[in-house]
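Order as written gives the chain letters A, B and C; numbering starts at 1 within each chain.
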Amino acid sequence: MANAPKQQARPAGGRAGMKKELPEHFKAYRHVWVFIEYEHGHVHPVSLELLGEGRKLAEKLDVEVVGVLLGGDKSELEAAATEVYEHGADVLYQVADPMLAHYRNETYTKCLTDLVNTYKPEILLLGATTLGRDLAGSVATTLATGLTADCTELAIDDDRSLAATRPTFGGSLLCTIYTLNFRPQMATVRPRVMAMPKREPGRTGRLIEHPLNMAEEDVVTKVLRFVADRDSNKVQLAFADIVVAGGLGLRSAENFQLVKDLAEVLGAEYGCSRPLVQKGWVPAERQIGQTGKTIRPKLYIAAGISGAIQHRVGVEGADLIVAINSDPNAPIFDFAHLGVVADALEVLPALTRAFAKHLSVNRLAG
Amino acid sequence: MVEQRFDAIVVGAGPSGNAAAYTLAKEGLNVLQLERGEYAGSKNVQGAILYSDALEKLIPSFREDAPLERHVIEQRLWMLDDASYTGMHYRSEEFNEEKPNRYTIIRAQFDKWFSQKVRDAGATVLYETTVKELIRNTSGKVIGVQTDREDGAVMADVVILAEGVNGLVGQRSGLRDELKPDTVALAVKEMHFLPRDVIESRFNLKGDEGVVIEAMGSVTLGMTGTAFLYTNEESISVGIGCLVSDFKETGAKPYELLERFKSHPAIAPLLAGSEVKEYAAHLIPEGGYNAIPSLFGDGWLMVGDAGHFVNAVHREGSNLAMTTGRVAAETVVRLHRMRKEMTKANLAEYQERLEKTFVLKDMRKYRKIPAFLHGNKETLFGLYPRLLSKAAQTWFRVDGLDKKAKEKAIVSSFRQARTLRGMIGDAFKLARAWR
Amino acid sequence: MQIVVCIKQVPDSAQIRVHPVTNTIMRQGVPTIINPYDLFALEEALRLRDKSGGEVTVLSMGPPMAEDSLRKALTFGADRAVLLTDRFFAGSDTLATSFSLSQAIKKIGEVWGAPSIVFTGKQTIDGDTAQVGPGIATRLNLNQLTYVAKIGPIDREGGTIEVERRAEGGVQVLQTKLPVLITMLEGTNEMRRGSLSAALSAAKADVTVWNAADIGIEDVTKCGLRGSPTVVKRVFAPTPREEKAEQLPVGGKSPDEIADTLMNEIFSRHQTIEDDLMNFAAGQ
């Protein structure tokens, strides 16, 4: 991580004295669990990213990586199970029951809490998605244990405790949080914050099935229907290889078209900084940054974006960051790799022309 | 809808409005104060100077809990050319007194504190409420205000306009003219954050001591204006302001001017390594006495920047604002107690009282200064600072030339640049304007 | 229908400053605002009340100065405000916060009638955890509806409610029973401006202030720092990257020349981008 902690800062006032005195009954808690988010036939990529991160923690602890997969139909879950093993799980706890066909807080909380109480993990990781956040809060409260949300770094310290680092105050500061005396230690991580582990085809693990022990009559909440987003295939900002984004330096909503033009030529996704969403120039789903999407593209082109800290934390995972800004002192030049001090309104269309020309010439040649 | 009615309405929650509302509420009047910002001070995030006397007359114990940054023990006046400054510094241990005379403050914090005092005194304070216009009765007397909220009319015996330099309500209601570009300065400011000990070592300070630097010269590119730097507890306020008419004439950009000042060799090392936050621009009324609009009428009074109460020569503003706010309120209190109508004739007492204070005395003393500065800007803000710098350098540089020859060289450089008659004329004009 | 809306007073994150030496947040002078996400919850609550009657109580836990935010909520038209303040609440994590708020909501229920809906925003802008809402729901056994984009029909006789909930890749339409906890999604409505008379009465209204004992917390180790299973061990500023961006020379060049240089720089700095683009172009 680019913003990994280097300097040792002083402990926050009053909390440093909290000592680890793990009660006896928690000492049997073992293994690193990853809740596998499975909906509409797909495993959410964040769960696979977490398996990669879980693997690192498990190695440090010398324990196993365990996936927890809930779904409606056993045969339907097979492909997902394979995916989970091949991304690094040693064990899979699986609960298949029609009542789990759609996510509901009530059933999932009950099911996951049961699993935890039965099999006693020391760490439980979930994706910080709408599902993961909905579930994690209920489960942590039911178990009365600690939960650290939106972590950007996970580590194991000398006494086997999970050190969960997360940004706070919109990314102005980072803090490292421990759950010393309760188990499991729970944490959520946003999509694309951790790297996707390499898939190992053929890798397999142990399957342990568990019953749900609930009756539909006892469940109050019903899913009446699910309406899939019409453009859900279109906005794949978080997973795009190339992202072009614009900020206030574009000066008007009309000029944002220049960003879209370049993105189109590059087959890229486009995004924006927070002010443009606040001004209503661009829809919120296109926002990149701490309160928007985290991206990890190969190439990120930021045009007219000053690079406030909340934007920075969302883009630092990019391989190559190119910043175009007329202000040579803009903070974006502190973390971009390649800088162009020029008016984005002039450079963007020129860049669109340059790429279009290059691609068409080579296409003819090829 | 029950009609909302108050003894007095104060429009604005800056220093003048707060002084007025505080005084009225303290004396038991039913006061409504309306502020368009999210909270008092939200429109003013910058550093400023607080003069103790004006606030002491309102809240004698203000030092106990007001958010004060540093008390000023040193004043530097600098004439700049591009490479140098010629200056006067005055620093005295006597400014380390029990009740210091001047403080640096951060307005957002100070105004918020003051606003709390106003609320504690019993005034009803509404934020995020903009006064659109004054409401008059058939005979033209102001009897209330119309706000931008639903069912937004509210009535009062008298309305005190403390709405700041723009004076939009006053303008819209025909109480005053539009601002003229040659009577307002546009100032841009920044806050530079630095650790306390760095500020203290750079400016040779201990504890809560502070320094104020005021500078003029080539940094304003020949425009009428000054630059400044104040030390706060953990930050430095730095800014520069010039007349709006000069900006228009030269096409210079305020922000570039500030960059120029910040990169001046005398300023840059003082700011080195700081974290910049909070860039802001605001207008300062600098037209002086002759630009003061009518201050009272049937059912209304005007105070603070709205009344153009700024002493540009001494860079005083908040003290005039608080004093005019207080005096206006005292006038209203007296009339209210005597059950007199808030008519133009009765409210004239406000101006009569002001004549007896330093406010109008000072404003009148310097009434010719704005025109003088504006009319001679190239000479005053360009030529003289350069000449002074050159003279000082000639005088101090040891290069084998005898002192008499140096004196001659200095005199002749002045004479070449400006005729003797011209210089005498400048001196005369200044003296006349100053008197 | 009784409705409780939980709000939090937060520092305006746009203006947060970090002390360069101690790495602590410099709160002094940083303006505070109502957590912007909470305003969507509050407005939704006010609309429900305006439509079907009842009362909206706003609840906040925080220092005494959080009263400013509660008063502002009254200006928008809430019927009453409750401030939960006590030194025992200091240092609460999400678990301890949801405990104290749950106790306060129980007490609100005893005094003014049990709420049918408890609202929160989807998350705060200072903590960003989105965990306190679910925590309250779990503790009070309310049916939990997070990320609600739209509130559908409420059948008060049957005690049911329908909502549209934002989920990954689509919208879940859920039906459940009252009482519920709803965390409201942003952009779902626009906060009203209170009328002048609402603003005037808010300015003079009394905010109910409760401490831990007032809401029946006898064991104060359940709240604040001591009631928090998580421990913040270190707070630090992000380490700046060592090297700054390499600036492309632009002096005297036309935008097209700059663009050509930039494109070639991009290709030379990343192994696969050019090939990827060629494949993409070929596929079109």
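The criterion applied here is as follows: contacts are C-beta pairs under 8 Å (C-beta built on N, C-alpha and C of every residue); 3 or more make two chains touch, one makes a residue touch a chain.
Here is each chain with its UniProt name: A = Electron transfer flavoprotein alpha subunit apoprotein; B = Protein FixC; C = Protein FixA.
Owing to the predicted nature of the structure, the values given are computational and were not obtained by experimental measurement.
The chain with its CA mean position farthest from that of chain C is B. The chain occupying the central position, as judged from C-alpha centroids, is C. Centroid to centroid, with C-alpha atoms defining each point, chain A and chain C lie 19 Å apart. Per-chain CA centroids place chain A at a distance of 51 Å from chain B. Annotation: 39 Å between the Cα-based centres of chain B and chain C. Along chain C, residues 17 each make contact with two or more other chains. Listing the residues of chain A that touch chain C in their complex gives 2-12, 14-16, 18, 37, 39-40, 44, 102-106, 109, 129-131, 133-134, 136-138, 140-142, 144-150, 163, 167-182, 220-229, 232, 241-242, 266-267, 284, 290-291, 298-299, 309-310, 312-313, 319-323, 328, 332-342, 346-347, 349-351, 353-355, 358-360, 362-363, 366. Against chain C, the residues of chain B that register as touching in their complex are 1-2, 4, 32, 38-39, 42, 67, 106, 108-109, 124-126, 128-129, 147-154, 193-195, 234, 275, 277-278. On the side of chain C, the complex with chain B involves touching residues 15, 17, 19-21, 26, 28-29, 31, 33, 68, 75, 193-197, 199-200, 203-204.
Residues 11, 13-14, 16-18, 22-23, 25, 91, 93-95, 98, 125-135, 137-139, 143-144, 146-147, 162, 166-177, 186-187, 225, 228-241, 244-248, 250, 254-256, 258-260, 262-263, 265-266, 269-270, 272-273, 276-278, 280-282, 284 of chain C touch chain A in their complex.
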